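Here you go, one structure.
Chains here go by letter, A, B, C, D and E, matching the order in which they are written, and residues are numbered from 1 within each.
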Amino acid sequence: MVSPVLILAIGLGTAFALGLLSQARKSFLFLVTLAALALMAAISLGWVVALATGAAMTAEIHTAGVAPPFAINLRVGLAEAALLATISLAGLFSALSMREPLLRLGRGAMAVLLVLVMAISGLVMTRDLFNLFVFIELIAIATAGVVLLSQDQRAICAGFKYLVVSQIIAILMLIGIIFTYHATGSLNIDDIVATPVAFHGAALAIFLLLIALVVELKPFPANGWALDIYTSAHPGFSALFSAATGSAALFAVDKVATYAGDAWLPLLTGIGLLSFVGSNIVALRQENDRRLLGYSSVGQLGLVLAVIGQRDVLGDAYLYIAGGLILSHAVAKAGLFWMSAIVRGRTLTDWAAIRARAPMVLAFATFIAMLVGLPPFPGFYAKWDLAQALVAAGRLPILSLILLGVLIESAYLFRWFGYAIKREAVEKGLLANTVDCGITLAAVAGGWALGWIWGVAHGEFNVLATLPVLAVVAFLLLEPLPAKVKNVLAIAALLGWFAMVVGGYDPMRLIFAAVMIPGGAVILIASFTETGRRIGFYPSAMAMYAGLALLLEATTFFEFFAAWEIMTLGSYFLILRGRMSEPHALSYMLFSLGGAFALLAGFAIASGGVQPFPLDQLGTVAADLAPYVFVLLAVGFMTKTAAMGLHIWLPGAHAEAETDVSPMVSGILLKAGLFGLFLMLMQLGRQSLWGVDLTYVLVWIGAISAFLGAVLAIFQEDAKRLLAYSSISQMGYALFGIALMNHLGWLMAMMFVINHYVYKSMLFLAVGGVYKRTHTKLMYKMGGLITLMPFTFVSVLVGIIAMSGVPPLSGFGGRWIFYNAIMDAGLRLPLILIFMAGPIGFLYLFRLIHTIFLGQLKDPHRKLKEAPAWLVAPQMIFVAFLIGFAVLPGMALQKVDGYIGSIFGDQPLVWSGRAIASEFGYWNPVAIMVVIIVVFVSVFLILLAKNHDAQKVKQFNIVFSAERPYRPETTHFAWNFFAPYRKAMGFLETPVVSTFWGGVTDGINGVGDFTRRFYNGNGQSYAIHVVLFVVAVYLIAMGGVA
Amino acid sequence: MAQIALATGFVLILAGLYGALTNRDILRMIVAFTIADTGVNIVLVAVGYLPGRTAPILDAAVPVAEAGQRIIDPVPQALVLTAIVIGLGITALMLAYAYRLFRLRHSLDISTFTELKW
Amino acid sequence: MTFEWIQVPYALATLFIILNYGMLMTAVVRKLAARVGGRPGIPVWQNYIDLVKNFALRSKINHGVMYYLGPVFRLTGGIGLILFVPTIYGSSWAQNFSFSGDLILALYFIFFGTLGMALGAGESGHPHSAIGVSRGLAQVTAAELPMALAVFAIALQYQTLSITGIVEAQQGGLFHWTLFTNPLAVFAAMFAYVGTMMRSPFDVVLAPQEIPIGPPTEYHSAYLALMQTNRVIFPIAKTIIYMNIFFGGATTWAEFAVKVFLLYMIPAVIGVVHPRFRVEQSIRFFLKWGLPVGILAILTV
Amino acid sequence: MIRHVVVALLVALLGIAFWTLTAGYLPDAELNRTAAYYAAHAQDEVGAPNIVTGIIVTWRGLDTLGEVTVLFLTSAVIALVLTQSKTPAGATGAGFLPSGELLTTGTRMIVPLIVLLGAYVIMNGHLTPGGGFQGGAILASGALLTLLAEPTRRFGHSVIARVESASGLTYVLVGLAGMMIAGGFLDNGILPLGRFGAMLSAGAIPLISVLIGLKVGAEFSSILESLHETEDA
Amino acid sequence: MSVLMLGLAIALALSMVAAAAVALITRSTVIAVLAAGLVSLFASIFFVVLAAPDVAMTEAAIGSGLTTFLFFFTMGRIRREGGK
């Protein structure tokens, strides 16, 4: 392997050699520069591969042929090699991105860039303190030089502010170095660690050096001077500045922290966390995209600084975590900056222009997922291991602060992504050219490769290696195919996976699998109505299904959590496709991520840092920890089942989603939450916290959700919102059932899982079909569609009969089991809410069917056709299933009943032939169906005999109070259908929960908007901020002692 | 002797910092920074000074054999040389920036260059 | 609980008895109400005349499928309710098809008729029927609440959901009736009973002056015939349920006739002296008075 | 006004920190490990009587390489900064005061001496105090003097750039040669250590000093040149 | 350690601090720059006293010489282009 010193030598040599070549042939000079950078990248990559595969040992390079303490030595281990590779690659791509100014300014600029990359590499390799200082100064001057390449006039001011603060840093660092030398007698980092510290002022010396390096990392309160560079410099340089310089400075801090000893680590953690959370909050109110990226990169540097601060606890996972975070930040941030070169406008909404190029949207999504740390990227593995290690060491507050920071960061990143997908693009907003797109896609490839490497390195479970995720990647590649072909493939994939795994599941998991996988396939039939290629739909849908499939397959906490996040990611992209769904998709994502982080914390506490922790051992958690694990996991799962209080994302997300996405998200996705609750309650059972039985709390939440969900559904004017609120109510029922913690309660919940999937998908598809024809979701704008859309009417009719629990159909089965369940459950008061929710449920269902299908037909709708055949087909399948399930509930329930019996150890239901008897009553679905049908047919025959030749008359043919209506709109009673209810119970409609969550978000935004005002742009005040920061930390850390 | 040098060095640094942070004129800030740099250089050399010893040059007066007892610590001097040149480099760069800033807005007052904020 | 074919003729017989009893009783009650008002009132066999007249009428109008099936749903609801509830305790042939479901089935099956009626009225396109349906549903759901609580209280008290089981537990003397063993539940249930009997003060649903007879506005001839047969037997079916659960059930047809008549008279008597509530007033009434009693019934069972 | 008070407070607090450093400071009685090593091995390992130059050129050669790059960077950046901003047409440099008699004759007399002194300082860098940097600076002051004397005279800018690049490149190549032939990067063992105290001794140190001297001189003059040149171009 | 050297050191220290104070307080920038150059000159003498000849030469050549010249050069440019 060639010696890494060559990296420095090539960098410098080419920089000097450029002077010799003729100034005229600029493109040749540019090629030489690129060749040099490529060579440096090749060397570092060679070292990475050699070190990773163990072919080479950590290289110790002695300059001047003398042993280290007396000469400068360089070291290249695996960490250094990885950083070197990132830096040189970032340098190469940034040079490509900055080709226009480089060619314009000639060899001077190229030399400065080369020296900058060399200096950053030197900073990573050197093991000598003063050499560290020289390289930092080199970076400072080179940065000042390159910043000038930007067209932006403000770059000069930014450069000057940068230089002013670099001076202050230089002063502090020099004093720190010289007094460390005086105290320890040597300048070499490894040598200092060996010898004990004699001079009592050494602590202050170490402090000065450390604080100088930390200020170099642009910590939150004192980083105004660096943010201007991000805003005004050329994006190519900003990429290099944040990815390469940021990572190298972090590594420098890490080197100094090793010899400074563990006493300083809490200080580093404190500064890091303050910087991470602070800059993320301030970034919330940013409108300029590059400044936002600046804040985000400062935040990420703060996060890694905090991780460095925790190195004593992380042990050997430290490199894996810190490396994962640094590399994913470097690749993502560099990619985003290079992308910002393509977008013409500088505000966040101008990024809507990237929609013109599908690969760019994929790139944007990849980078955001990497920054937030979603699977399958390294950040995800790193965050998981970090959480495990922190909880194992009992440092929960630090973990919660980090998760809070990540949540805030995901807030503004996903809001930005929403703008990019949803806002209308200004024309010519994209300066897409092959080179910039090429670089960005290279970064994307780098990101996915890192994801694979981190997955393999994780040992336990490589997300990218699982079959479902590979299917998602396959669908990403199949994008150019027409939608119908992809739809067939998708359905085949789902059914194939179900056939493959169906054998190994217990009855309960089997039902969930049946609802989720083949259920998804049935809903996908409805996607045949779409024409064209539907870019982005199939990968997102398959990601959601992959998440669900893996959720059922999961055996350990990590697999479960990875599946949970993939499912959330996929469903977010699906919901975002809706026309008006941007704010709702954002609130969905934030709630889901909040819930996922609650799960992460819960799993971490439960496993206590033991990796890999099997899922079925959840019950073995220590008794004092169990309630907290219970609360965290319950909150996490309830964000997904939209229990009251965590529900405000659901109405918007389900209502604004596309026609075939609403059933998927509502019918299937909510079941994931229920599946989680089942697992949790199965393992943890009844827990009580501060004397309150938590399952009793869940009962109350379930009851309140059921009642309020139904009440709110009555007052909706939009059909899909009505169904969305009804989903909240039905999930409330299911949650109530599970929380009863008795056999029949769980059976009732399972009934709801099946029933809710069937009729909610049916109703959403029906309303979707009506929407496709009438182009409106507002019920009072429709009416009288029964004659034009008979099949849709039948499906909605069967749906509401089943849903309201009226006897012949399966809804009644659920109610019957519910009654038997509450008979022996000790509680009384929550039942009242459930009893009230029942009939109210019937109201909104009737409103749905009356306002859309009955009443007066509007003139514009006279010539409407039936909903598209592909939409009606799945509805008919569901109708058939409902009737079949109503007559033979045993078909699905008997095995599950046995399984639940094995858990609770009792067998309350006796399945005798077609009748089901319980301790309190009996239910014979076949008899009920037969009696009703016989009576119905006989009465119908009587009416038919008497009135068979009636002539069909239009609804319009009516007289009321001696007047004939002249326009159908006036006589269709639909708007504010339940006015009396609104007068009587309107007070329940006050948006208590949404005002609470709105208050929380506005509060954080307000804080962000207030604190960012203190960056007033004045270079001198920034310098004062730095000195103030140094003095403040000095007082806190040293308390004035030497 | 060393304490005096250290004290003057630190006083110069503090004076330089004070000047840099209070003066609104850019040129005066740069002057203040040069003074601070000189102060740092003095501190660096002062740390290397051992009372009662001579310059680290091995010539007739200081034979190689007893060099260890006769010379002061050469390392800080080596560092100072680099520090001085770096100081000059940064000062020259700041002057060039000051000139460009002046050409931009025809004023040298730092508070006029504040459009990059929030 | 197996099914024998003999049960079909038995059920038809019970149905025939109840149908005629209903015809006569409702006519008698209307005659009593008229006499109180100083009017001679209708002849006792008036219902039979209306039924024959309506069946004889020939109608050419049909507003669509659901409109056509509306009355069928309605009558099926009425007949089904009778069939699913045992009429006479102890008699072998008057058990109807009560083996197929029990208390919960009876409770939920009430909605079957309401749903059918609502759909049919909705399809008729007449604004009055739509308004009537909206009022009816709003009011019935509020009224059903105390009933559901009372039923649950009873189920908890007797630890069974089968109606025959409850009736059996109430045999043996007046003081074994639920009326005395669990008066709060009965009181709550009577709220619901009065509320759903479509008599003032809760008859805004088919308020004659505002929206001529509400939902069935557009119905006439054979449709109306079916509805009227249902109007006759549906209240009786509900009364049978109340009688079985709260008032000791009936061991002989005579006891059955007397109890049904007396129960039927309660809302009639209340109706005569009360003005009509608006819908939100009745909802508030049920929530303010009916609900607390129901809650007490549950808590104290 | 509050800014002054705040800064004064901050500086006072920093003063306290520094005061704790100076109060507790006592100079070492003995040379510490590194200095003692350098003192002992100055002759056999580096062969340079001037230990400081020895440290600068070989032992801590990377620093000096970094150092030279700093100057190279500064001159490149200043050239960048000033080429981007041609002076506005109106304010030409024509208004130069004709340099006085004393200055022109003085320059003609002193400049050769300065150049000679610079060369001496560079060549004897490893023997007497001085070395690449000092010599380079002196050469630059020579160039500065000529600039002051005849402001209109143009130096061959490409000549300076070529000298600067050539010396930089050779310096790196010498470093690499050190790595190939001798112990490590920038090791002065590539040439024989020679007699201690002689002009051509201490291995590659004189060569490197010359390269540094040329480079520093060229860079300083190019800085002055670009500052001067953009004046009235 | 002869008293002479100590006295010289103290004198140099005080003069340096005085020059620095002048540099920071004066109204006109020219005097400030000259004062800074003076500080640098005193520093180079101080280095000689501290037995660091190399540093003294560098400080003299670069610190006082070139830096001061750079300042005057820039100020000249600024004044010639309508500066104060």
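Following the convention adopted for this analysis, a contact is a pair of C-beta atoms (placed from the backbone, for glycine too) under 8 Å apart; a residue touches a chain by one contact, two chains touch by 3 or more.
Just so it is clear, the structure is predicted and the values come from calculations on it, not from any experiment.
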What is the set of chains touching both chain C and chain E? none
How many steps does it take, at the fewest, to get from chain C to chain D if each step moves to a chain that touches the one before? 2
Shortest chain-hopping distance from chain A out to chain C: 1
Need the most distant chain from chain E, centre defined as the mean of C-alpha atoms. C
Does A-D or D-E have more contacting C-beta pairs? A-D
Per-chain CA centroid nearest to the all-protein CA mean: A
Centre-to-centre distance between chain E and chain B (centres being mean Cα positions), rounded to whole Å: 11
Note: chain B sits from chain A at a C-alpha centroid distance in Å of 50
Roughly how far is chain B from chain C, centre to centre by C-alpha average, rounded to an integer in Å? 101
Go ahead and note the Å separation of the Cα centroids belonging to chain B and chain D. 15
Where in chain B do residues touch at least two different other chains? 7, 13, 17-18, 21, 47, 49, 51, 55, 57, 75, 77, 79, 81-82, 85-86, 88-90, 92-93, 96-100, 103
Residues of chain A whose C-beta touches two or more other chains: 130, 134, 137, 141, 144-145, 175, 179, 182, 187, 1024, 1027
Each pair of chains that touches is included here, namely A-B, A-C, A-D, B-D, B-E, D-E
For the chain B and chain A complex, residues of the former touching the latter: 13, 17, 20-21, 24, 26, 29, 33, 36-37, 40, 43-44, 47, 75-76, 79, 82-83, 86-87, 89-90, 93-94, 97-98, 100-101, 104, 110-111, 113-118
Which bits of chain A are touching chain D when the two form their complex? 3, 5, 8-9, 12-13, 15-20, 61-66, 69-72, 105, 108-109, 111-112, 115, 118-119, 122, 126, 128, 130-131, 134-135, 137-138, 141-142, 144-145, 148-149, 175, 179, 182, 185-187, 199-201, 204-205, 1021, 1024, 1027-1028, 1030-1031, 1034-1035, 1038, 1040-1042
Chain A touches which residues of chain C in the complex? 1, 3, 55, 58-66, 68-69, 71-73, 75-76, 79-80, 83-84, 97, 99-105, 108-109, 111-112, 115, 118-119, 122-128, 130-131, 133-135, 137-142, 144-145, 148-149, 152, 155-156, 159-162, 217-218, 221-223, 225-226, 278-280, 283-284, 287, 291, 294-295, 298-299
Touching residues on chain A, where the partner in the complex is chain B: 130, 134, 137, 140-141, 144-145, 153-154, 156-160, 163-164, 166-168, 170-171, 174-175, 177-179, 181-182, 187, 227-228, 231-232, 1012-1013, 1015-1020, 1023-1024, 1027
With touch defined as at the start, can you tell me which chain E residues reach chain D in the complex? 53-54, 56-58, 61-62, 65-66, 69-70, 73-74, 77, 80-82
